[in-house]
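Going by the order they are written in, the chains are A, B and C; count residues from 1 in each one.
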Amino acid sequence: MKIKISRMRRLEALSGYLFVSPWLIGFLMLTLGPMLFSLYLGFTHWNFHEPMSTMKFIGLGNYKQIFFHDPLFWKALYNTTFYSIFAIPTGILFALFLALLLNQKLHGIAVFRTIFYVPALVTGVATVVLWQWILNPEFGILNGLLKMIGIHGPAWLYDPVWTKPALILMHLWGVGTTMLIFLAGLQNIPTHLYEVADLDGASGWQKFLHVTLPMLTPTMFFNLVMAIIGAFQVFTVVYILAGDGGPGDSLLFYVLYLYRKAFVEFQMGYASALAWVLFMILFGLTLLVFRSSSLWVYYEGEKR
Amino acid sequence: MKKIWSIFIVSLVLLSLFSVSGCQKKEKSTSKTVIHFMFWGGFQDLNLWKFVKAKYEALYPDREVKLIYVPDNYQDKLSLSLVAKSAADVFLVDDDYFKITAATGHLENLEPYIAQCKDSLHLDDYFPHSLEAFQLGGQQYGLPWDGFTILLFYNRTTFDQAHQHYPNENWTWDDLIRAGKAFSKDLDGDGYNDTFGFDASSSLLDLISVIWTFGGRMFSPDLMHCELDSPQAIQAMQLYHDMIYKYKIAPRSGQLDSKIMQNYIKLLTGRVAVILSGGFLIQQLQTIEEELPWDISYTPSGPAGKFARESFDGIALYRHSKHKKEGWDFIRFVLGPVVQKEIAREGRALPIRKSDAYRWYDNPQTPQDEKIAIRSMEKYGRTIPGIAYQSVVYSRTRNLFNQIILPNADIPKIARQITDIVNKTLTEMRKNLKVWK
Amino acid sequence: MTASVAFFRRQSVQKTVKTVLGYTILLTLSVVFLIPFLWSLSASFKGLLQVYAIPPVWIPKPIHWENYIRIFKLLPLLRFFWNTIVITTLSLVGQIFSASLVAYAFARLRWPLRDFFFFLLLGTMMLPTQVTLIPQFLLYQYLGWMDTYLPLIVPHFLGISAFSIFLLRQFFKSVPLELEEAARIDGSSFFRTFWTIILPLSKPALATIVILTFIQKWNEFMPPLIYLQTYEKFPVSLGINMFKDVYSSLPHYIMATSMVALVPILVLFFVAQKYFVKGIMLSGLKG
């Protein structure tokens, strides 16, 4: 009996490695090298126009500069963190709300699902131009609507205080992907659980709390981790909207600052150090979420 | 099950087909000398370079040109190819990034090549300052092949309706302000004007011409210091600020944002009577089918004279190219009459030689007098002296320049902040590079 | 008798209210989500002057139907579309293949260092791509993959999408263990279990991966820009950029091309709805 179990264990371990081999090969071949290269770059000073032989090892020099002599780093970090703190929960909750809405057995729901997903498909530049229209203080629709209910709308993208809220609004509009994943998660919940709940006389709200939410936690967990990783790395929108950092540098987000340092100011070493600082932050946050997951994430038939 | 397997196998076959076809193409062209040429632009540029390739290959039947077209992010791709030591034999260079590319040793010194072809190149016929834009340490490391200046565009109908004389070569900023007041009206009674005489954008590239007309300049002649905090520079910045808030002849930021409504739309719809824009706009407006009442003139003069900022496109030879002779022939060809005539005919920029421009660029069939664009470049053209950290300077000061047109801008303070940042950048540049101008 | 009739009548009234409310909210939100799309659509039929008119013109006067023909004349768009189809389809096949296998390893199999590698997998998403651009470029040049589709497609066969792997891992972990164990006891190999139990029960997740991967590759811009040199190999995403140059752009043509590019995605999305089958019928299992 013992020999059989250990052989099964070894077979499982071998199968594990076999199944994961595509990723492992890809990681070792294509990803690990570049990551280690950039890690090393973070300890150097290098204008990448110059040959690699001019790369100068400066130890923690970049990191010292980042933390003690770079006010723009702190500004970028502040901007990105501020944005993330608000964008992540609102985005997830709004996406969940939409997914629940689209999960109903209504006639023609497939059409609505397609429509709700369209914002995620419209190309980046078109979306940004459109939002600049919508948010224009003089003739934009948003301030027009606010005027109708008696509120004098702010200058949105021209006011340093309101640029990030404007961006959060744009983010909410584009939560199609998160919504789609929640939808898949909702569809994955076995219907018989709801039937059992109905028989027990549960109300809609109770069903939501005791069937939907718990069964949705694996999806919620995924969306939370991805939202964190995504929010901190926002780039394309701010690059198109405010490549110069926006009014008062209020839209100088972390990856935009990194891009500027790397490709406009040619400082690859410094940019790499910035990248690894971000990595540390994201790693820490994800670790936190993972540690907490045992408290609130429920997988069907776990313990593996 | 079977269907999935067949899809999988089919795609593997396709995949291998494509990798194989890549190899085949390489084998096909080993009989001829192949030079790689990298360029930017839209589909019109692609068509231009396809034309150049065809003519060049007809002239040299044993050579082939491989076009490497980069539709966007040109500088990123060029930088990557330079790091990887696999750049094209000949490539275009942007005047903002030229000096850093040359200073870090990626470009071939063209002086020896030029010395051999002095008679055919006619360098003395080139527009003023065009050659300097592509020099490093006084030596030619690239050559300009086309360019344009900033011009004044105005709406004839708007001028007619307000009974104002059209702009002419003698126009000064005072003339602009005077005429602008006649155009700037508050139509809907909300206290803010809705039509304007002028569109004032305060980016560095727009303001520098104004600064020049007041006698200021970006750098000291030895390029060691920034002089944007001089009284003349501040005066120029103040002028633009006053146009919005004191004379009220230009829109506030956000009111008619150029990201949403491009400046030529503002001009053509009568919202703004006068704009300053690059000469490339001439061709763009001329391709619009409808008859539109626009015309061009010279940029306004200030107390120190009349200046129009020039911009040139450059072409360079890769230092590590294995086909330098063929590449140089290509460059010469681009600067030669066949290509220059085509550039003039297309009209998006001026050919690089004055005589070619007068001969081919002026189009008698259009209502606008294109000779103004040529004369503007010849008489009033001026460039910002290039330094290796040009792009860095622009990037770090962009936000501050945008502040100039904000309502409560403290112009002298902003000017000092800008100068401070530029000087710090210059110091950093001198520390990191041996050659930088 | 009367009590139950009243109950059912109340239920049907409640149901109607719910339905009406549902439709109202859906329609309102639809309008909000569609506005930018509708603006793009109307812009695609405009002439250059009208695109940026203020106040915005919703119905172009005149309607330039010929925009849609002109874009195919100005650019080799059909070629670009074919290229995009090739890149997207091959990537999609590779993605489904590798992501599902790898996700299964992380979700259900026990092997040494599994959790360490899982964190490594997530870690690959945490480093901004700007700093790995140079070494990756050098790597692909060394491999001789420049100007081919290999850098665009091969990584998908090698599990490049940590996003997909992570997503599938979550869904695979939600499949009831009993089903798997039943199959294993019956002597099914890990692969057979994977193929016959896990995959069929994860249709919504797989459909999601198909849609997301498709869209990502369809619109992908930077990798083709960097690795391709021959412009005939360009996908549509690069082709669209040909309607702007350094100083100006032709937004009406850009919008028209975007609209044409959008059609296959919408079709795919609509068709994939079929796989979002609600619920898993597991009668007879949970007793």
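The working rule: a contact is a pair of C-beta atoms (placed from the backbone, for glycine too) under 8 Å apart; a residue touches a chain by one contact, two chains touch by 3 or more.
This structure is a prediction, so every number in the text was calculated from the model and none was measured.
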Maximum inter-chain contact count - chain pair: A-C
Distance-maximising chain from chain C - centres being C-alpha averages: B
Between chain B and chain C, centroid-to-centroid distance (C-alpha), Å: 38
Computed distance of Cα centres, chain C from chain A, in Å: 16
Distance from chain B to chain A - Cα centre to Cα centre, in angstrom: 37
Touching two or more other chains - residue numbers and ranges from chain C: 54, 97, 134
Overlap residues in chain A, where contacts from two or more other chains coincide: 48, 133, 263
Contacts with 2+ other chains: residues of chain B: 76, 83, 260
Partner chain C, residues of chain B touching it in the complex: 7-8, 11, 14-15, 18-19, 22, 36, 40-46, 66-73, 76-77, 80, 83-84, 86, 256, 260-262, 265, 268-269, 278, 280-281, 284, 288-290
Of chain A, residues touching chain B in the complex: 47-52, 129, 132-133, 136-138, 155, 157-158, 244-249, 260, 263-266
Chain A contact footprint on chain B (complex, rising order): 75-76, 79, 82-83, 100-101, 104-106, 253-255, 257, 259-260, 391-392, 395-396, 398-399, 402, 432
Chain C contact footprint on chain A (complex, rising order): 9, 12-17, 19-20, 22-27, 29-31, 33-35, 37-38, 41, 48, 98, 101-106, 110, 112-123, 125-127, 130-131, 133, 139, 141, 173, 177, 180-181, 183-185, 187-192, 215, 218-219, 221-222, 225-226, 229, 233, 235, 255, 258-259, 262-263, 268, 271-272, 275-276, 278-279, 282-283, 286-287, 299-302, 304
Complex contact set, residues of chain C against chain A: 19, 22-23, 25-26, 29-30, 32-37, 39-40, 54-56, 97-98, 101-102, 104-112, 114, 117, 119-128, 130-132, 134-136, 139, 155, 157-160, 163, 165-167, 170-171, 173-178, 190-191, 194, 202, 204-205, 207-208, 211-212, 215, 219, 240, 254-255, 258, 262, 265-266, 269-270, 273, 276-283, 286
